[in-house]
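Chain IDs A, B, C and D follow the sequence of writing; residue 1 opens each chain.
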Amino acid sequence: MSDSERLVLERVEATFNRQRVMETFGVKLLKAEAGLVELGFSHAQALTQQHGFLHAGVLTAVVDSACGFAALSVMPPDAGVLSIEFKMNLLSPARYQRYRAVGRVVKAGRTVVVCQGEIVTNDETQPPVTVAIMTASMMVVQPRAGEPAP
Amino acid sequence: MSDSERLVLERVEATFNRQRVMETFGVKLLKAEAGLVELGFSHAQALTQQHGFLHAGVLTAVVDSACGFAALSVMPPDAGVLSIEFKMNLLSPARYQRYRAVGRVVKAGRTVVVCQGEIVTNDETQPPVTVAIMTASMMVVQPRAGEPAP
Amino acid sequence: MSDSERLVLERVEATFNRQRVMETFGVKLLKAEAGLVELGFSHAQALTQQHGFLHAGVLTAVVDSACGFAALSVMPPDAGVLSIEFKMNLLSPARYQRYRAVGRVVKAGRTVVVCQGEIVTNDETQPPVTVAIMTASMMVVQPRAGEPAP
Amino acid sequence: MSDSERLVLERVEATFNRQRVMETFGVKLLKAEAGLVELGFSHAQALTQQHGFLHAGVLTAVVDSACGFAALSVMPPDAGVLSIEFKMNLLSPARYQRYRAVGRVVKAGRTVVVCQGEIVTNDETQPPVTVAIMTASMMVVQPRAGEPAP
């Protein structure tokens, strides 16, 4: 691992670790490269909707974080990230056991970073199923003079 | 309360109660009328992102449910509801104590119901702040012959 | 009309007049206030899709412009506007004769202005039908030193 | 070309030819396979916004059509297609000469077909630039008894 790869990983890890909701949902950081982040998570009864599937908002939380971390990984070192907006399309009911959320940078602008994300099943014995896709716009939040980075 | 108002409330309540994630997030059903549902919830450390605000995915879960219940309230009695897609715009960081999520039906089609939703602060001593807005498309899921309603 | 109202109107008019596509589509500027812009347009055979309705992209063009002008109306005087992203929901086929596109500012941030828009029918003899709704994020484009405003 | 490939091409061509706006915008059908459609178009002064770039709504019209035709190509033979909703992210100003709009089916459901699309520059002497990306939900419109296919 090169120094720059290590810096990306450490930066994403630090932000991931500050997201309490990731721990609450049992999410693991699987991969963090410049412009690409993968998270892993599993079915949990406590997070289901009325049919016993994972709630779409829970899927959204994980893939929004994957996209946000991917965006952060290509931002200036002192910048923070906030979601401006995102759109999810739910393609298949989330009735599976294990999932990966993937976030990828599509366009890194000066003030907005656009990402695409997806939730896919993660079962070694089955071909992956795409459960949902996201497009997200992430804000590059610059620290103001005299304040710590957001 | 008229009979039809009671039927709407009972139907939304039944679906709300089957969403385990609502209990996990501490969400309360505040109002359920034909085409309009309101949910209440509060800040929780376990559901925060890196700056200590409620995670955007948690906001999404609650307002997606509000929209889904609002859509269900105008669907045929034997139909179920699934989110096809939604879009969130995050307008202000979720750094407040108490929130309402409102879902309203904008157009009730035969197979798709379009809703708009919002997250607003819910503090009697302050004017409300709109934290996020959603537009959502909800699928009317008809039961198939020989199967219970979804 | 106050001086500030006149300045808003002149600013929107100037940008409207530079949008060649507005003339090509036969669009008229109906109203321009701080945070609210209305455009009028009519059915045109040259702009139809396969069923003879106005193409969804044409509706999008007009309501995106209404939102963009509304956003511009609340930006600093030297700023320009560019669409970052938008989402359209098509609620009814565009099979009518005359339409209004309305754009409203929902949140005016320092770098992003969020708007909601709609296309409604405009026929004095009939109640209005909402044909489409939009949510849009508009970028505040600051001129760079030595360059004219965009 | 196999019989089924020819049927897809003829079906997309027939719908493309009925979209008057495609002719008005000077759009050409470049490719039509099952689940993938490409359209070509060029800069036109009559379709510009205030900076002289192609208007975002014009880009939307072409890529919405590419997605709609791609969706149609995988639908039952008697079905028609209507856009339910779409989202565009504008990644780069449309200041180029020639473009391709690509629409791809991501998930073909019974009543909704989800597509992703993009606008890329089409200049043999330069690497392609992605100008915009779309996600779209397309309705499978079944003919009703006694009516022609929509």
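Note that in this section contacts are C-beta pairs under 8 Å (C-beta built on N, C-alpha and C of every residue); 3 or more make two chains touch, one makes a residue touch a chain.
From a predicted model like this one, the values you see are computed outputs, not experimental measurements.
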Point to revise | Between the pairs B-D and B-C, the one where more C-beta pairs touch | key: B-C
Check your understanding: Counting a repeat as over half of the contact pairs in common, which of A-B, A-C or A-D repeats C-D?
Key -> A-B
Check your understanding: For subunit B and subunit C, what's the span in angstrom between their mean Cα positions?
Key -> 29
Revision key, fill the gap. So, in whole Å, the Cα centroid of subunit A is separated from that of subunit B by 23
Practice item. For subunit B and subunit D, let me know how many angstrom lie between their CA-based centres, rounded off. Key: 33
Check your understanding: By residue number and range, which residues of subunit A touch two or more other chains?
Key -> 84-85, 87, 89, 114, 135, 137
Check your understanding: Taking the complex as given, what residues does subunit A use to touch subunit D?
Key -> 87, 89, 91-92, 106-107, 114, 116, 130, 133, 135, 137
Practice item. Please give the residue numbers of subunit D that touch subunit B in the complex, ascending. Key: 84-85, 87, 111-112, 114, 135, 137, 139
**Study point:** Residues of subunit D touching subunit C in the complex
**Key:** 15, 18-21, 23-24, 45-51, 55-58, 60-62, 64-65, 80, 82-90, 93, 150
